[in-house]
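Next come two complexes built around chain A: one with chain B, the other with chain C.
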Partner chain A sequence: MEGFLIFSISVLTLAFVYVILCLALNIECGVAGMWDLGIVSYFGVGAYSYAILVAPAAASYQHYLFGFELNPVFGILLAVTMGGISAYLIGLPSLRLRREYFLITTIAFSEVLRITFSNENWLTNGVAGIYNIEQPLKTFFSPDIYLILLFIVFFVFAIITYFIVSRLSNSTYGLSLKALRENESLAKTARIEPSKQYHSVYVFTGCLAGLSGALYVWLNTLIVPTQFTPNVTFFVWTALIIGGIGNNKGAFLGAIFFVILLETLSFLNLSAELALVISSLRIALVGLALILILRFLPNGLISEKPRFL
Partner chain B sequence: MLEVTNINKFYGGVRAVENVSLEVKKGKIIGLIGTNGAGKTTLFNVISGFDKSDNGIVNLSGKDITKLTPSNIAELGLIRTFQTATGFPRLTVLENLLVFSSKNNFNFFNNFLIKQDNSHDLIETAENVLKNFGLLEKKNQWVGDLSAPELKILEFARAIMGDPLIMLLDEPAAGVNPALLENLMSIITELNKNGVTFLIVDHNLRFICEITDYIYVMNDGKLIAEGTPDTIINNELVIQTYIGK
Partner chain C sequence: MDIFIYGLVTGSILLICALGFSMTLKTEGFINVAHGQMLMLGAYYALGLTYIGFPFIIAAFLSVLFCGFTGLLFQRVLFKPIKGNGILVQLFTSVGLAYMINGLVGAIAGKRMLSFDIPIARVIKVGDVYLVTPYEFMILVIVLITVLILHLFLQYSILGKNIRAVADNQELAKIRGINPDRCSDLVWFIASSLAGLGGIFLGILGAVHLNMGWQQIVMILSVTVLGGLGSIYGVMLAGLLLGFAMEFGLLVFSSNYRTAIAFGVIILVLVIRPEGLQSLWQSKGREN
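The block that comes next holds the complex of A and B.
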């Protein structure tokens, strides 16, 4: 396959991982109004859960105790479950808080987890990370075909997530989340129990972020703690703001637009020196795109629409 | 229907409500008046579960609701409004009504696993309610774009969707022009005829006397008088409290 085609398929495959993260953040933040700056926590938990179950046993120079080399399906299931469980546990203290207090707490937890990933060698192999995590079914296909297969599988995951999140957003449950987002006191008088709704959507977000973490490791075949810095959270937020907070189509498009914007810059055919400069400017250019979107399309590419029209 | 017995609420050293007892009988419209800072809204907050009393008991239809959450209390049919007419700004008028439907099931798993097919019926009901209140043509408008009088009307439309047994209205006449006030009074009377009981807090003595069957008067956290509107407007203590000696 031609280089550009391979690159495009790879970028879009990565974009579908971000689509799932973005949809998860959208139902939590766009629909329920919970300003979460810790979505990377569940992304990381899901990624490590998958890696621990699917990775081979540690080599002599590695320190992690696990590595069960199990079927990736179990890895994905565990990633979803652990994403949900960690969201439930982190939600117990943090969901008592609102707005900026909640935001600060979630970012704090995400840092605690990142530091844990870096330091618990027995579990994560520390900063060295875990390598050579085999991609499922890879031996049955040629690299080109496998690339397309990955693209299709990740697309299917993204589409299924889109339909589930859309169904929930447009349901009575979604309406209750929007009511809480708009006016919590009034929502209580409509028989809506905030703690139940917030906790359930938080766990659901954790499950989806866990799923995207598993897919991310599947795609990359390695895992290191530096993949789970707050940058991921800010990237997902940026993608969501670009796409349009509160609109699932916007979240889907925003993630794809964002990843293309971020990755295309690294594909430009430039001299080594210029490539280095452009690479350093990538984040700045993403910031510029965000400013332009906020200036000219404050509600993002697709703004939130009323449910019944 | 609603019995409030010996409610006390303190904020630090401040007595917001002191030993207040009142009763709201089924099918009646009861008024609660008092000057600013008398403790009326605090009492409302305690009754509707937004504040917890330091002691005392609130009973609704024979059930002790003192320790229940606001949403549990709303589940039992007690719907309240707030001093400033409010809504869900980035939901449409129609959605604002749908949120309040008593047929809603907000459970995550119910909505995740089972597709709810009652939305068409609910929309039809909500549209009928909006039609009765003259808001049908605004059904797809964001509530944040409504005028203040429209918001006041919307409060009642929303409440009807929830099939309330009793409504607690916090200053419904505040900032309302005379024409709208007449409209609100006819809405309250109509709802009352259909079986809704009311407890209304307001400063507007004329409005309260005209619409209520019985009035409680609060001052400085305590009940200072109670009686029919006729007896209240002639009560010396009430006149002193409102107008001064």
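The block that comes next holds the complex of A and C.
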């Protein structure tokens, strides 16, 4: 296949992972209005759950005890479950807080998790990470076909997530979340229980983030703790803000737009030295885009549609 | 004794890094994520100035000033026009700014770990007890002086009083004829130069690298929360406390978990007493 085609397909495949993460963030932060800066926690937990279940047993120079070489389906299921469970547990203390306090607690939890990932060698092989995690069904297809297959599978995952999330945000449940976002005391008078609603949406977000973590490892075939810095959280937030916070279509397109923005420049054939400069400038470009969007299009590319007006 | 001194040094650097952040939070009302990158910028300015031939002390001094003016520029160009658009807009503009600073510095300076070209110092020895290196001692002294000056400035000078008035109640301050824009400019200048100073300290004791801003901003957030959002004296106490907590925690945990200890403390504090340390000396009526 042509180089450029392969490149764009793999960029879009990666974009679909971000789409799921972005949709998860949108229902939590866009629809329910929570200020979560710790979404990378469940992304990481999901990714490690998948990796540990699917990876082959450790070689002599590696330290992790587990590596079950199980079917990736179990890996994905465990990733979703563990993402949800970790969100439930983190939610227990942190959901008692609001706004800035909630934001800081969640980011603190995500850092504690990342530091744990890089130090507990028996579980995660530490900073060296786990390599050679086999992609499911890889052996049955030629690399080109597999690339397209991966693209389709990830696309299906993203579309399914999109439909679930948009159904949910337009359901009575979603409306109750929006009510809480707009006016918590007023929502209480309509018999909406804040703590219950917040906790459930938090767990739901955790499940989705866990799923996208598993897909991320599937795509990359390796996992290292540096993939799970707060940077991921900020990237997803940036994508959501570019797309339009509160709007699921916006979240979908924002994630794709963002990944394209981030990855396009890396296609150019450059000398190593120049490539380093470009990779830094890319980050600056993302920053500039974020600033400009916030200044001139504060609701993002597609803004949330008001209902019942 | 060693641990006490390490705690003091770690704590006072944290304090300087968090002070400016806390000031912008208090007067501008949002979380300035770019503050971490201002630390990095300070260290890189100093590095660049020594590179073109300035002696280290002068380079450090100029770098602090440059940082202040850079902060002022950001306030005028980026933050003033969006004032009043909501906290999230301001917060994420600062995230965008953080990416821009990080990217531009990375493009110019590269991604290698760098360090200041200063001679290695011996530990000062008093009797049989090893105390601090001269650098650490200088840092402690400068931190002490800076904190004192800031305290006197905020408590007794007219400009400082204006800043506190605007932070407390902007509308009321306006009625009294205080110009909030000028206060904002001043706060940005002070906060950014404090960040530059903190960055240089970090560079002296460790290395100068591109990720130092991102690493520090999470710590700064923690210190600020522990102190009670936007309370300057709370932050001073919190910086020292966290410094001690991190160093004493090493007695129990492995050193890889140094920062995790700090976050653990924060989570605990938030769950027990969300208002932070400032609630210790503020009216009891506000507790729940």
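The rule is simple: the second predicted complex is superposed on the first by the 305 of 309 C-alpha atoms of A that agree within 3 Å, B and C clash if a C-alpha of one lies under 4 Å from a C-alpha of the other, contacts with A are read in each partner's own complex, and residues count from 1 in each chain.
Quick note on the criterion: a residue touches a chain if its C-beta (ideal position, glycine included) is under 8 Å from a C-beta of that chain, and two chains touch if they have at least 3 such contacts.
Small disclaimer: the values here were computed from a predicted structure and weren't measured.
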{"item": "Chain A as common anchor, with chain B and chain C clashing or fitting", "value": "fit"}
{"item": "Contacts of A:Phe204 with chain B and chain C, given as first, second, both or neither", "value": "first"}
{"item": "Which of chain B and chain C A:Ser142 touches, first, second, both or neither", "value": "neither"}
{"item": "Spatial angle chain C-chain A-chain B, Cα centroids [nearest 10 degrees]", "value": "80"}
{"item": "Partner chain in contact with A:Ser280 - chain B first, chain C second, else both or neither", "value": "second"}
{"item": "In the superposition, chain B vs chain C on chain A residues touched", "value": "C"}
{"item": "Which superposed partner A:Pro93 touches (first chain B, second chain C, both, neither)", "value": "second"}
{"item": "Contacts of A:Asn132 with chain B and chain C, given as first, second, both or neither", "value": "neither"}
{"item": "Superposed arrangement (fit on chain A Cα atoms) - minimum chain B/chain C Cα distance in Å", "value": "6"}
{"item": "List of chain A residues in touch with chain C within their complex", "value": "35, 93-94, 96-97, 100-101, 103-105, 107-109, 111-112, 115-116, 118-119, 229-231, 234, 237-238, 241, 245, 276-277, 279-291, 294-295, 298"}
{"item": "For the chain C and chain A complex, residues of the former touching the latter", "value": "31, 33, 78, 81-82, 85, 88-89, 92-93, 95-107, 110-111, 214, 218, 221-222, 224-225, 229, 254, 256-257, 259-260, 263-264, 266-267, 270-271, 274"}
{"item": "Chain A to chain B touching residues, read off their complex", "value": "164, 167-168, 171-176, 178-179, 181-183, 185-194, 196-197, 200-201, 204, 246, 304, 306-309"}
{"item": "Chain A-touching residues of chain B, taken from the complex the two chains share", "value": "48-50, 69-72, 74-75, 79-80, 82, 86-92, 94-95, 98-100, 102, 104-108, 110-112, 115-116, 119, 123, 140, 142, 158, 162"}
